[in-house]
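Read through the structures below before going on.
Shared between the two complexes below is subunit A, which has subunit B as its partner in the first and subunit C in the second.
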Partner chain A sequence: MATLTVRAARPEQRSLRRTARRVRKFWFCYVMMLGTFSLLLTFSYYPAVSAIYHSFTIWDGFRPARWVGLQNYREVFTSEVIFRKAFRNMGLLVLWDVVRAATFPLLGAALIYRLRNEKLAYVFRLVFVLPIVVPAVVGVLVWKQLYDPNVGLMNEILKIVGIKPIAWLSSPSTALPSLMLAGFPWIDGVAMLIYLAGLLAIPSEVIEAAIMDGAGSIRRFFSMEIPLIIPQIRLIVILNVIGSLQSFGWQLLVTRGGPNNATTVPAWEMYQSAISSGRFGVASAVGVVLFILIFTLTLINRAAIRSNVEYQA
Partner chain B sequence: MSSTSLRVPGETAQSVIRSRRRFRLGDDWKIALLLAILGFLTFVPVLLLLGLSFKDQQQMADAMWLPSWPLHLRNYVKAARVIRPYLMNSVVFVLGTVSISIVCSTLSAYALGRYDFPGREFFYIAILALLMIPGILTLITTFVVTVKLGLNNTLFGIWLPLAAGAQAFQIIVLRTFFASLPNELFEAARIDGARELTMLWRIALPLAKPIVSTLVVLQILAVWNEFIWPIMVLSDPQRYPVILGILRLTQLITERDPGAQFAGYVLAGLPLLILFAFTSRTFIRGLTSGAIKF
Partner chain C sequence: MAPTKISRRDMLKALGLASAGAALAACGTTPTVPTTSATQAPVAAGEAPAPTTAPAAADAGKKYKILHWAQGPEPTDPNAVLEAGQTRRVAYQLIADQYMKEHPDVEIEWYRFPAGSNVQEWLLARMTAQDAPDIYWANTEDLWPHINKNWALDFTEYMNMPNPYVSGNTAWKDQFQDVAIFSQTGPDGKLYGVNMDGAGVLIVYNQQAFTEAGIESVPKTWTEFIDAQKKLQAKGYIPFGANLNPDTCCYPHWAMAHLYNQLTYNTILTIDDDKNQVITAKEVAQHAQKGDALDWDAYLKVAHLLKEWSQFFPVGYEGTTDYRQLFRQGKVAMYMEGNWAISEFQSSPTPFEINWTAFPVITKDIWPQSTENVVRIQGAWGGMQYHVPGYLKEKEPDKIPIIMDWLMFSSKPENVTNCLKETSMVSLTKGAEAVPELAPFNQPYDRAVPYQSWQTLSSSGLQAEYKLWQAYLPSSMSDQEFIDKAKKDFDAEVQKVLEANPDWKV
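Let's look at the complex of A and B:
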């Protein structure tokens, strides 16, 4: 293309020629990215497009799909199980996750921040981070054992206190709260470290001034430390919400969404629709709805960050 | 944990900050006590698991949740025998995924961070756009693609999709680092006639070692703990990673040794504990100092 226009050097042709020359000069860059983009085209971009397209079809995953417009979405939003129960459960779990992620690790971080002894502070950081070596599956299986209605520790404790045993995961009324209780006391090590990083970045002059003014430990926590680490809190909350919307580990490993759909969530219904019922179109529609939810939340978060910066400036 | 591990050179920057906070007087022991209680509660499930893993059937029946003597190490021998092939599967999954992923992301991040080639913006935005695509949207269709390519029940069916999933995060972190390296480092080598890949290998990678190793550790953790994808892609339970292998312990170990099942749970997490022992300092420092930006 460049060779044809050697003399007639109109501006756009000249820039085209320059681009062609730079493509030849930097050819190796495209080769370097070949691996990544082959992986991404096959296992990320194409599946994303395919999921959105097939959410408008009836599809068994392998034979040609049949276009049905919004039928799958209509089903998702009118289905008793998927919409009423799964989305309600998801809402409760996400809400709980927000509260949990914003409080308990923050409490741990604020306490460690107040320790004057450096060695002790390091040891406690280690103590709260160490549980990340416990695989999620093992955590779920241990809690399942604790909840066992006959031999579980939870009912043993209730017996000692003198309360009637509870069925925990086996009863529709207590199953979802049991999922929420699991992981007590909910101090997630990584979140705690990120909060601690935020606290350590507070300039010492600010603390000094507050102490001069006679602000006590608790007062400093609420009116100084929390406002100053809002960015960290928001990061942890948004990461937790995004993770919480997509997770279905308990359902896959233990509850299967039961008993009586008490613990089902949309992600689990999606998995079931595709893998057990072969209804890949409906599954794709659930996936797209979750995608839109996550996308919206991310955008709101972005907007909040921007307005916050303007406020500071 | 030996006391020497508490003193590390990199900690000094933080020590300065800490010592400046000497004025914050308070009751250290009260705070420490509260933290100790919270720390203990955090570890209760782990301690209970350890307790169960050493019990025989009689001890289980007597007092399931209390510690009891003697400890039955036999449980671990038995569990290890059952679990070994699954451990090997996990190791193979981790090695393959991490190698493919890190090689691809390093090459791409280097190209995107160091060269102003036509289309660079486009490719980088294409990477950033991945952050907006949640795994849940592509889970089912990636499964379909994997099956259509005939990769289900193969190692590549585990390696390639998991490596693809890690590209965005790794490329973004590494590209920022590569772009921050001063040009002079590379100009000198270029004058000496070094080839581009040589410079990546000799100059950029040695400097990126701490970041690359953090990314490797994070990915090892993620792949070791991955259970949804293997359940979907592997129809033969013999090929399961250890994290799913432990689900089969109940069937494989006879009723006489309920403790062996729990010993298996412990063994499934043990490699991560060893990994953590070697990397905890980098990990904790990296996160506390805010070195890894999200």
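Let's look at the complex of A and C:
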């Protein structure tokens, strides 16, 4: 894979006049970017700054906000539902999502990578990637039907093999595991493609040399292939962490955070505080806490997931 | 002179300039169209009401478009393809057509509520954006905590005006039963909507299942009710359809309403400060501050009764179970349902005979303080309770008299009767008749429930109470743990309501 190198600008004294001259020369570039920047400011940065401000207020979205300092943050960190249950559930789901994203698509990619028949490899690649076209909402609703405790396919299968029906999403003890089970066999098409691209980029000479040295398939996988695709793994992990921290699709469409807060997550509590209760201050506080968490985890991810060998073509 | 060719670079510059200009223009404010002031002078309360007519358009030829979310009697979309056996609803469209014929300057358009959406979430979004329909449906429990935010227009002056479409009427509000007026009376004593029909709740049961289980007479008391469910369970039926999902109407708070109001029959109205036979959010919030909003002994008894009952519920009742579908499949023997289902059962009959019965009575052997009275959920939660966004007073004040005139026309008894034929709702409009199939809902009862669970406080309160039952019913929580949690959760919900309505603080 080619490494793109950006040449640093030559160090020189920049005067205001020189800058203005440069802007005048490339004025149409700045004008073309103006639209994008204004949209970014309006829909990304302004809401974020507004949320930070309103996290210190009581605000219902209609009447003037009332400054209350850290009251909302106190509520977030002392609430049994928001802090203990929601963050705990989020931690479990994020952990599972990371393990799931880092292993199963990689396994699928490694198996396809080892196929000698190119046509067969293409077919399998297509089979795993095709489900991407199905909207995520559809997938959630299909699994909701599968999990129906009275008429769902899962319990029908259990009945056939003589096992007592499970309440799945309807029981506090099985609801969260049911969310984790959904999506089986957990081979995300996009992640698999990214891993496969990384594996295919490994030069064949390196692999051949390892084979000649007597390295078996499994040894090659753990000692060579994984270290060489660490950038891809890091990317998938961080994307999944960010996605998991923010997502509440299952809660919105199916569980509503229940039963009995068994599936609630901070993003859902943020949505509920804002939309059901009209407490935008508390919702903003949850949002700010999530932002800090995501930012921190991103930094940790960059520092922690490294390889001694990051191959550059 | 030969035409000058434009270079690619120059063309890109021009395109960039044009797109940036378009983006800036789109972000600019739209000049507001000046609205004409209403030609109809408002009548102050207490004064002799002046006759009202649809005001002449301020500008000749000005058309008013009223966007109306009709909810219950909403006419079927003409483009909708119906299933076999389904009937098309047309009554309200015919009424609108007649109105538009008499008022060519007015156009009525139906707002189609997004399927699957949550009403509370929809309300918040629409009110924030100030793009709600000109007339919208909402249960008033969803509105009262938000009246201070101008979500609903004050109807009082119009309610005191005569309805020109009803002969002999001197005040519009005289057309409606008392419960309809009480239901629309806000925490400040003003009227915030019109309520033309209402709802009743009974238990619908599978006659065939009862016969097979050897249940000869319909259970009247709680003990008989439990016995009947045991028999049904022994025959392989799921005796009672229920779930604790806040998005499914409406098992937990209906059950709570019947049980709690029976157990506190003699004391519940002590918190009805305005003596209108309806407990309001403000009354609950204010009495909660005094510590006497709920009878916690009775609440614990309700919990015990629900727990005893829950053994007869479907698997997965703690979450989402479609017990209505299971009933139609003949798996569930009975469940609580509203009168609006009558039209659904007519258009899509079950393969077995159904019948309706009242909620069983709690007798003295179950609760010594019981008065053994029959209570019923029968009141104003109908499909024709309409409100107008409060912001219209500033945004489009000249439209308000037109909207009110249309509502007055809609509330003509014959018009309400025609709508009720399609919706099977209970009539709260004097002179309007309900369908004969509503006869079970005309069975006598002692009192319509004045209090319907924590939903009376707020929709957030409803969700909190549902979570409480989700925690308690399938668990081995002790009585003390349950009461402690219930009090804590209830207080938290009261605080939320007080945060939104500081003037309710005692």
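Here are some notes:
In the analysis below, the second predicted complex is superposed on the first by the 274 of 313 C-alpha atoms of A that agree within 3 Å, B and C clash if a C-alpha of one lies under 4 Å from a C-alpha of the other, contacts with A are read in each partner's own complex, and residues count from 1 in each chain.
Going forward, a contact is a pair of C-beta atoms (placed from the backbone, for glycine too) under 8 Å apart; a residue touches a chain by one contact, two chains touch by 3 or more.
These numbers were taken from a predicted model, which means no experiment stands behind them.
Once subunit A is used to superpose the two complexes, subunit B occupies space that clashes with subunit C. When the shared chain is aligned, subunit B and subunit C each come close enough to touch A:275.
In the superposition on chain A, A:101 contacts neither subunit B nor subunit C. Of the two partner chains placed by superposition, only subunit C is touched by A:170; subunit B is not.
When the two complexes are overlaid on their common chain A, residue A:241 makes contact with neither subunit B nor subunit C. When the shared chain is aligned, subunit B comes close enough to touch A:112, but subunit C does not. After overlaying the two complexes on the shared chain, residue contacts for A:32 are found with subunit B and with subunit C alike. Contacts of A:285 after superposition on the shared chain: neither subunit B nor subunit C is touched.
Of the two partner chains placed by superposition, subunit B and subunit C are both touched by A:62.
With both structures placed on the common chain, the touch criterion links A:261 to subunit C but leaves subunit B unconnected.
In this superposition on chain A, the options for subunit B are 27-35, 171-179 or 189-197, and subunit C clashes with just 189-197.
Shared contact residues of subunit A with subunit B and subunit C: 28-29, 32, 35, 39, 42, 61-62, 151, 275.
Interface residues of subunit A, counted against subunit C in their complex, comprise 27-29, 31-32, 34-35, 38-39, 42, 58, 60-63, 144, 148-151, 155, 165, 167-172, 175, 254-256, 258-261, 272, 275-279. The touching residues of subunit A, when paired with subunit B in their complex, are 19, 22-23, 25-26, 28-30, 32-33, 35-37, 39-40, 42-48, 50-52, 54, 61-62, 107-108, 111-112, 114-139, 141-143, 145-146, 151, 153, 156, 184-185, 187, 190, 193-194, 196-198, 200-201, 204, 207-208, 211, 217, 235, 239, 242, 245-246, 248-249, 252-253, 267, 270-271, 274-275, 280, 283-284, 287-288, 290-291, 294-295, 298. Residue ranges on subunit B touching subunit A, taken from their complex, read 1, 3, 6, 11, 14-15, 17-18, 20-26, 28, 31-32, 34-35, 38-39, 41-43, 45-46, 48-49, 52, 64-65, 100, 103-105, 107-108, 110-112, 115-118, 120, 123, 126, 130, 132-149, 160-161, 163-165, 167, 171, 196-197, 221, 224-225, 227-228, 231-232, 243-244, 246-247, 265, 268-269, 272-273, 275-276, 280, 283-284, 287-290, 294.
By the touch rule above, subunit C contacts subunit A in their complex via residues 12-13, 16-17, 19-20, 23-24, 27, 118, 120-121, 124-125, 127-128, 145-146, 148-150, 238, 243-247, 314-322, 325-326, 331, 458-460, 463, 466-467, 470-471, 474, 496, 499-500.
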